Amino acid sequence: MTSKLSNAQIAWRAAQDIADGAYVNLGIGFPEMVAKFQPPGRQAVFHTENGVLGFGEAPAPGAEDWDLINAGKKAITLKPGAAFFHHADSFAMVRGGHLDVAILGAYQVAETGDLANWSTGPKGVPAVGGAMDLVHGAKRVAVITDHVTKDGKPKLLQACTLPLTGVGCVTRVYTSLAVIDIEDGHFVLREKLPAISFDELQALTGATLHLDGPADSAVADLITPEL
Amino acid sequence: MDKRIATLAEAVAGIEDGAVVMIGGFGGSGAPIELIHALIDRFIATGSPKNLTVVNNNAGNGHVGLAALIEQGMVAKLICSFPRSADPKVFTELYLAGRIALELVPQGTLAERIRAGGAGIPAFYTPTSYGTDLARGKPVEEFDGRPYVRERWLKADVALIKAELGDHHGNLTFRMAARNFNPLMAMAAARTIAQVSRAVAPGGIAPEEVITPGIFVQGIVEVPAPAQEEALNRADAHYPEVTE
Amino acid sequence: MTSKLSNAQIAWRAAQDIADGAYVNLGIGFPEMVAKFQPPGRQAVFHTENGVLGFGEAPAPGAEDWDLINAGKKAITLKPGAAFFHHADSFAMVRGGHLDVAILGAYQVAETGDLANWSTGPKGVPAVGGAMDLVHGAKRVAVITDHVTKDGKPKLLQACTLPLTGVGCVTRVYTSLAVIDIEDGHFVLREKLPAISFDELQALTGATLHLDGPADSAVADLITPEL
Amino acid sequence: MDKRIATLAEAVAGIEDGAVVMIGGFGGSGAPIELIHALIDRFIATGSPKNLTVVNNNAGNGHVGLAALIEQGMVAKLICSFPRSADPKVFTELYLAGRIALELVPQGTLAERIRAGGAGIPAFYTPTSYGTDLARGKPVEEFDGRPYVRERWLKADVALIKAELGDHHGNLTFRMAARNFNPLMAMAAARTIAQVSRAVAPGGIAPEEVITPGIFVQGIVEVPAPAQEEALNRADAHYPEVTE
């Protein structure tokens, strides 16, 4: 038994909440993994900021076409029904509320829904890409993340300490330990690993975890396949 | 994913009383005549939808399409740039009788407000209408020494549009100048229904030739050989047909 | 000898100032006539607000395609190199300064460059179309008009009395009697019919006509073919 | 009308010191590598143009294309959303040494500011960046109870873009996702030069398939089989070539 979910398992869990036919943007890096775990019978349509709707998996090595890439500059392929468009139309989709879900990584998430995922501070070269656009407009903005930082500090906080990507934008967080909704400025615990107690989880979280109902029934077990 | 709707009646079933409805087209070019007529059929059968706010460039022509919708008394307010035509009698009479409201918007501002609604831009500045009656009451700001008028986005509950090809994902192409407002309205409505002259399987439109990506379209209904408003009017058509 | 130019002659004169390769929008009605009089060897590209660039003459009666019309809802044809686009892109061309010339009709033009061409007052159904957009953005906004109204009143004024289409937007007026530039809030007479004297022309004009140089050389003869 | 330019050198001849230059592409996709290299050739031969402000989504990769332009010291300021890449060394070193200025703009705001520049919209409101460091000093306004940040248009003296087909009137198509910023930059520049993989006569692009209408394009130069930045970088290419 694992003490926490692998990245693949977090991505799997997030994928279970994506409806058939949903329009989805997956952030660069770890969130891209969510596409692999669509439940059988469901087919989401994936959007990438650089102007593609309806792309599929990576091509075989050597078969890349470098005019056909995603926002992470990785080569992709097309599914039937794909479409190309320019950057202003692409962000009209984002900002205009046409995406059903955006799934993003995070440095920190606050109980207010604030997200910090673009800058770790003033050092080095700042780069924002489409992060600040993606947190606005999508009907649902979810985060997938380890529950704590590499050195064990909470990433779910009362307030972000790193530069913000957006204010009050995140509505659900899938972590390595739990599934947590953000409602009315509170973290509401929905699911947790059976192996961890509520008090242990609370100790790893930088803000109060609320329950939506009686303690013995409000929280479901977070169960994923081995991945 | 399959966004096809079997019948015109089903396609217009969800439009409620008081809805804001964008209707594509510029004059008759690109006007979804069959969708409009299906809406009239529903109104005649059920008394609904009524009190509609309609967004279109014009106010209809003759006694078919948008003019027929207005003639039925279904439209409480029209937002348009040019409510004149060869035969604007229907709108003109209701307007002069004070029975239909009109918000007159310069054509480019109308297009940009609709695009802004679709693109999540709540307001923008334009030089258009500065210093004129149509700018009255609107905020004015100077940029780089030149005055501009602030305009708000325009959104709709439903858009009824006309396209040429539509695949099952809702990707659309348009025929010649029938494109006009149709792709913009698709972006700005919570629910966009496109009548398409031909429905094709996904992949039936080359990805580079898609004009309106399917994300902006909630349903397509196939209407082969759609009517042209201009041809109907030259034949003095009425909808519903006038019976002796 | 005619006492004033015909509409065709006014349109002809305006057409002489359109350069080869210019992008041109002609207002609905009378201004459309300008397209007929392009000088040999020059080819302008005509824009119409409803999303066509590069259209040609009207089709033969019976050969109309009602999906291929201009802003006046008249059937048109295409020239090689034509393009279709939606209304927002069409007015991006207008407002964004991409047109070289817009030629419009007028009820009144003021020496300040103000134009009134959309409404004759509060009666009836108001309709503006693209007029208020066209007066902004085109590199040159010219007007073609009879010099006076049907009942002989001046159309060129110190200030418009009818509802404005735009403020300070017109730079040249081609009338049935003269060619007049608008510079720094003044009408500057460039050409007049040889048969009319300066004083006669001034009497038909509602604001002072200025001359750009000595009276005997500043004004050229306005000469057009019989049309 | 024939907007063809015979050589890359002629195509970039008019760009002056201090110019604002938009360069199309997203990473290497849609980047006009040959036009950029022609500009570098001119700089090496004449010392000009320098002190450029460049607008691009990125800051180049490796030692070709935009990275090479920056490496030559021709760029005083970069306006971009994501100045990181697999090999961003060129930009990073100059930036950290304080030798190149950076204006960081969220990607969607960058696209919209460029479109606004092309469309004659001097300012617009967006939810993007509200409450973040990138909104500092910008006016904020509430619409329908939600706060938005006001952003200004972005225009350029010149745009260098990459297209697939280009006809003699300047009508363009783009290859797959190489479209990205290219059509927007064509709108926003006083002078747009497109390198096209194939030049065709007017009529060679169907009017409904034109993506960028020729009115937005001042010159085209044919570059058959253009280089891909990604392929060049995988071969560790440098521009100009490093000689032993």
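First chain written, first letter: the chains are A, B, C and D, and each begins at residue 1.
Assume a residue touches a chain if its C-beta (ideal position, glycine included) is under 8 Å from a C-beta of that chain, and two chains touch if they have at least 3 such contacts.
Everything numeric in this text was worked out from a predicted model, so none of it was measured.
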More contacts between chains, B-C or A-B: B-C
Chain C-chain D separation of Cα centroids, rounded to whole Å: 37
Separation of mean Cα positions, chain C and chain B [Å, integer]: 30
Distance from chain C to chain A - Cα centre to Cα centre, in angstrom: 56
Chain B residues counted as touching two or more neighbouring chains: 112, 115, 119-121, 126-127, 174-176, 179, 207-208, 211
Of all residues in chain A, the ones touching two or more other chains: 84-85, 88, 91, 94-95, 136-137
Pairs of chains, among all present, that meet the touch criterion: A-B, A-D, B-C, B-D, C-D
Complex interface listing, chain B residues touching chain D: 112, 116, 119-127, 141, 143-144, 146, 148, 152, 173-176, 179, 207-209, 211
Touch list for chain B against partner chain A, complex: 1, 115, 117-121, 167-169, 171, 187, 201-203, 205, 207-208, 210, 213-216
Chain B residues touching chain C - in the complex, by the definition given at the top: 26-30, 57, 59, 81-86, 88, 91-92, 95-96, 102, 104-112, 114-115, 126-134, 174-184, 211, 228-231
Residues of chain C defined as touching chain B within the complex: 48-52, 64-69, 73, 84-88, 90-91, 94-95, 114, 119, 124-133, 136-137, 163-167
In the complex with chain D, residue positions of chain C that touch it: 20-21, 23, 43, 45, 47, 52-54, 78-85, 88-89, 91-99, 136-137
